[in-house]
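Next, two complexes with chain A in common: one pairs it with chain B, the other with chain C.
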Partner chain A sequence: MLLELRDVSARYGRIQALHGVDLHVDEGEVVALIGANGAGKTTIMRAVSGLLPVSTGSVIFEGQDITRLRADRRVARGISLSPEGRGIFPGMSVKENLDMGAYTRRDRAGIAADLERMLTLFPRLRERLGQPGGTLSGGEQQMLAVARSLMSRPKVLLLDEPSMGLAPKLIAQIFDIVVEIRRQGTTILLVEQNAHQALWVADRGYVLETGSVVRTGSGEDLLDDSSVKAAYLGVA
Partner chain B sequence: MTPTTPSGADPSTGERLSTQDPPLLVERSGEGETPRREPEGGSSPRGPRRRRELADLPPVVRYAICAGILGAAYLLPWVGRVPVIGPQIQTQGIDWPSALFNMSYFVLLALGLNVVVGFAGLLDLGYVGFFAVGAYTVAVLASPDSDLDQRWPWLACVPVAIGVCLFSGLLLGWPTLRLRGDYLAIVTLGFAEIIRVFADSSSLLRGDRGLGSIPHPPGNWSDGSPIFSVRDATPYYWLGLTLIVLMVLAVRNLKASRVGRSWLAIREDEEAAELMGVRTVRFKLWAFAIGAAIGGFGGVLFAGEQGFLNSATFQLMFSVLVLAGVVMGGSGSIPGAILGGALISYIPDRLRGVQIAGTDAFEYRFLIFGLMIIIIMIFRPQGLLPDRRRVATTQDQEER
Partner chain C sequence: MHFSEFWNDIGELTVTGLSQGSIYALFALGYTLVYGLLRLINFAHSEVFMVGSFAAVGTWKALGLDQNSQTPVLPVVLLLLVAALLVAALASGATALLVELVAYRPLRHRNAPPLAFLITAIGASVVLSEFVGILTHRRPQGVPPLVEPRPLVTIAGTQITNLQVGTIALALVAMFGLDVFIHRSRWGRGIRSVSQDPTTAALMGVNRSQVISLVFLLGGLMAGVAAVMYDLKIGGTRYDAGFALGVKAFTAAVLGGIGNLRGALLGGLCLGLAENYGAGVFGTEWHDVVAFALLVVVLMFRPTGLLGESLGRARA
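== the complex of A and B ==
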């Protein structure tokens, strides 16, 4: 087991956002978290990346308890979040954004090789290498955010709403890339409102409702599940 | 204007004005997936909107220009001898070397505040506090009026004062690290007030009775008279200028280093910076401490030149002025901080002794000043000599 959440609760001030969530991600898997707005998907991502302290429960990564570890340390351990809304550095060039992704690394040769790998994976970024991140289109910014996260060479990549605000054609492209990243050996925890496509690429999925896991299973099972269909896939 | 800055001699200034204007966003569909068309000449490796800058010139030319500007800055005390323009530049109501000295410590303050506000993006409204800490440390250690009665020479006080400033920067930084934006601004404002009230009421700092007879820096001319004295502020100006040069070199290197990149990341998106593995707490503390130390240099210089400090010296207006200077010059830009810092000191001093309808224009300084800032902000919203990245960031936000 690469990543595990044991009975994790978290709160924003007085509002409890997670109620004892248990979930795990095995090495090499793509795991999808689906659910409506406010179900706690992003909160889980923030708790795993260390941006939000959990109030109870524990986060285990590679068998070690990282519940109290600072966010910047978790990056070095191999957890990388591509945040909701992308969070790219608008005034830095595409190249500089990618370099920031490799902030915790010291192996120059490896960084250069990974940069090349990213530019092959996202040819659009090569064309825009010197351009400030803030001048990219929405889809390009999303690609940049994903590429930047991968530059830290994560063991698990957390993707928070990668398809948000994108045109259908681009959404398909993003999911293709998810499949490709996984093929290249990176484990992925994916948060999506776009449940259908998320479950399609995922090995397993968790359905969240108001801060709790209400259903779990393989991607295919959840796609077939009648209650999931009714609630998230828009099929009666 | 003030040749302490590259602005006067920089041939590219005019061009910058024009290259900023072309519409960058020509077309954009609802989803924004269409790449934006680049303006003509977008083949430059650093992107389409790269302005022509000093950095694009060959190194020899660049160094020559910098050396020329620096040389001219050292010769500024004699600017009055330049026919026609010289007398216009000189101040009337205050002797010119003193005005130059005032400019030099304001530039130091602007450079320091620029690290905090411009580089790290932490809005500090209490920057005068560090200036006061630096100056008071010298005064307490050196002045015969001080209860400590140590009577240290000026030079011995400097390292102590800078150390105390660094420490006070950390002290202010530590509890405020979790705060962002407006909240941070309020707390720093409080910090400056605490220093002022402390100066007002503590017996050590002697309130408005103040601390006098602060010694001058050491050194004698060949005829045995002291270099630094109340008679002529010119050597003080040179000392200030030399400190500015050293600080600029230090700050420039910092900006280009990993520390500078970390600050930039924090300024652009603190949460994203954390997600990249930047130790945001540590680098924000660094920004506060380094900014405080540079402000401290301004303070020790000021204490020596003035020879007397009291609690009325360090008004909150100082912080506001320096911040205005940084923003006016172009937040995050070192040439901008130099120009802005020099202007906020030069403009009021230049207005002294000028009569407007029977009143000294100095009385209207804040009015004139405010108008100037508004005009500058209308025509150059990123400041007079903006940082390249700031231009990109601000334009991006405007497009949304």
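== the complex of A and C ==
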């Protein structure tokens, strides 16, 4: 098991956002978290990346308890979040944004090789390399956010709503890239509103409702599940 | 009004203004760097400067020179200047780090409101200046006559002294070095990332506390360099030397656009020029009136300062 959440609860002030969530991600898997707005998907991502302290329970990564580890230290351990809203540094060029992704690394040759790999995976970024991040379109920013997260060479990549606000054609492109990243050997934990496509690319999925896991299974099983269909896939 | 004298003196007023402005600019960097990162006015920065000015005098004293010494030969003078610059920069840098560690960091860890920082900033400033005041019995400390001002070059009939040339050149070199560091190095990228978006910076693995310490240190180093220039220009320092000059440096930072590094340079030079031109036209006693009137006028038309923007957003 690469990543595990054991009975994790978390709160924003007085509002409890997660109620004893248990989930795990194995090496090489793509795992999807689906659920309605406010179900706790993004909260789980924040808890795993260390942005939000958990109130009870523990986060285990590669067999070690990282519950109290600061967010910036988790990056060096191999956890990288591409956040909801993308978090592109607007005043930095595309190149500098990518360099920020490799901030914890010192192996110049490896960084250069990975940069080249990203520019092959996302050719649009090569055309925009010197341009300020703030001037990119939504789709380009999303590609930059994903590429930047990969620049830290994560053991697990957390993707929070990578398709949000994108045109259908771009959404398809993003999911193609998820499949490609996985093929290249990166484990992925994926949060999506777009449940159908997320379950399609995922090995396993968790369905969340008001801060709890209500159903779990393989991507295919969840796609076939009648209650999941009714609630999230828009099929009666 | 003394317009005819003003036109006669304009060359000299310009040079004096630029060299004075260089000191303001270097001093202003500490305010602007910290503000750009934390939206905090570090009032104790004036004392960071003052400590540097004493550190330089202390270095010379330790090497056996006081205000009654003879001017040594040139190579010795250069060594003495380099030694004082190093010691003053390190002393100011260490003071800035200490202020951050004692006065701000504990508040930050408790998510204190901005007003709490303002009060500890003023508190740290008073404690430091009073501490040095008591240690020195509030007496001014004289600087040995290391650099006898004499004309070095003449441009369009205006004589520029060695001290003025040195001050302006050193300020430009220091600011250029800082600019390259912020915009080209990995550490500089870390600073800019935290000032643009602290949460995403943490997701990139940037340690915010380390970045904050680094920014205080850089501001301190620059203030230390400015303090040595000030010592040489004034010929001495006092426990309250930081206060009056700090107000000016802070003004320069706001004038240029606080949070903006190049704004600090521009603001410092403009303020230095405005003061000296004002003194030339209206008489020396109007020096500060003109400087602050300029500030008000500039802010009326450009509320974010001449260059506007902040550390993070500045420059594409």
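Criterion: the second predicted complex is superposed on the first by the 236 of 236 C-alpha atoms of A that agree within 3 Å, B and C clash if a C-alpha of one lies under 4 Å from a C-alpha of the other, contacts with A are read in each partner's own complex, and residues count from 1 in each chain.
The rule is simple: contacts are C-beta pairs under 8 Å (C-beta built on N, C-alpha and C of every residue); 3 or more make two chains touch, one makes a residue touch a chain.
As the structure is a computational prediction, the values presented were derived from the model and not from experiment.
Three-chain overlay on chain A, with chain B and chain C in a clash. In the superposition on chain A, contact is made by A:Glu140 with chain B only, not with chain C.
When the shared chain is aligned, chain B comes close enough to touch A:Ala167, but chain C does not. In the superposed pair of complexes, A:Thr186 makes contact with neither chain B nor chain C.
Judged by the touch definition given at the top, the superposed model places A:Asn194 against neither chain B nor chain C. By the touch criterion stated above, A:Ser9 is placed in contact with neither chain B nor chain C.
Overlap of the chain B and chain C contact sets on chain A: residues 49-51, 70-73, 75-76, 80-81, 83, 87, 89-93, 96, 99-101, 103-104, 132, 148, 152. Across the complex, chain B meets chain A through its residues 24, 28, 30-36, 44-49, 261-262, 264-265, 268-269, 271-280, 389-390, 392-393, 395-397. Contact residues of chain A toward chain B in the complex are 49-51, 70-73, 75-76, 80-81, 83, 87-93, 96, 99-101, 103-104, 124, 128, 130-132, 134-135, 137-140, 148-149, 152, 165-167, 169-170. Of all residues in chain C, only 186, 189-190, 192-193, 196-197, 199-208, 312-316 touch chain A in the complex they form.
Those residues of chain A that touch chain C in the complex are listed here as 49-51, 70-73, 75-76, 80-81, 83, 87, 89-93, 96, 99-101, 103-104, 132, 148, 152.
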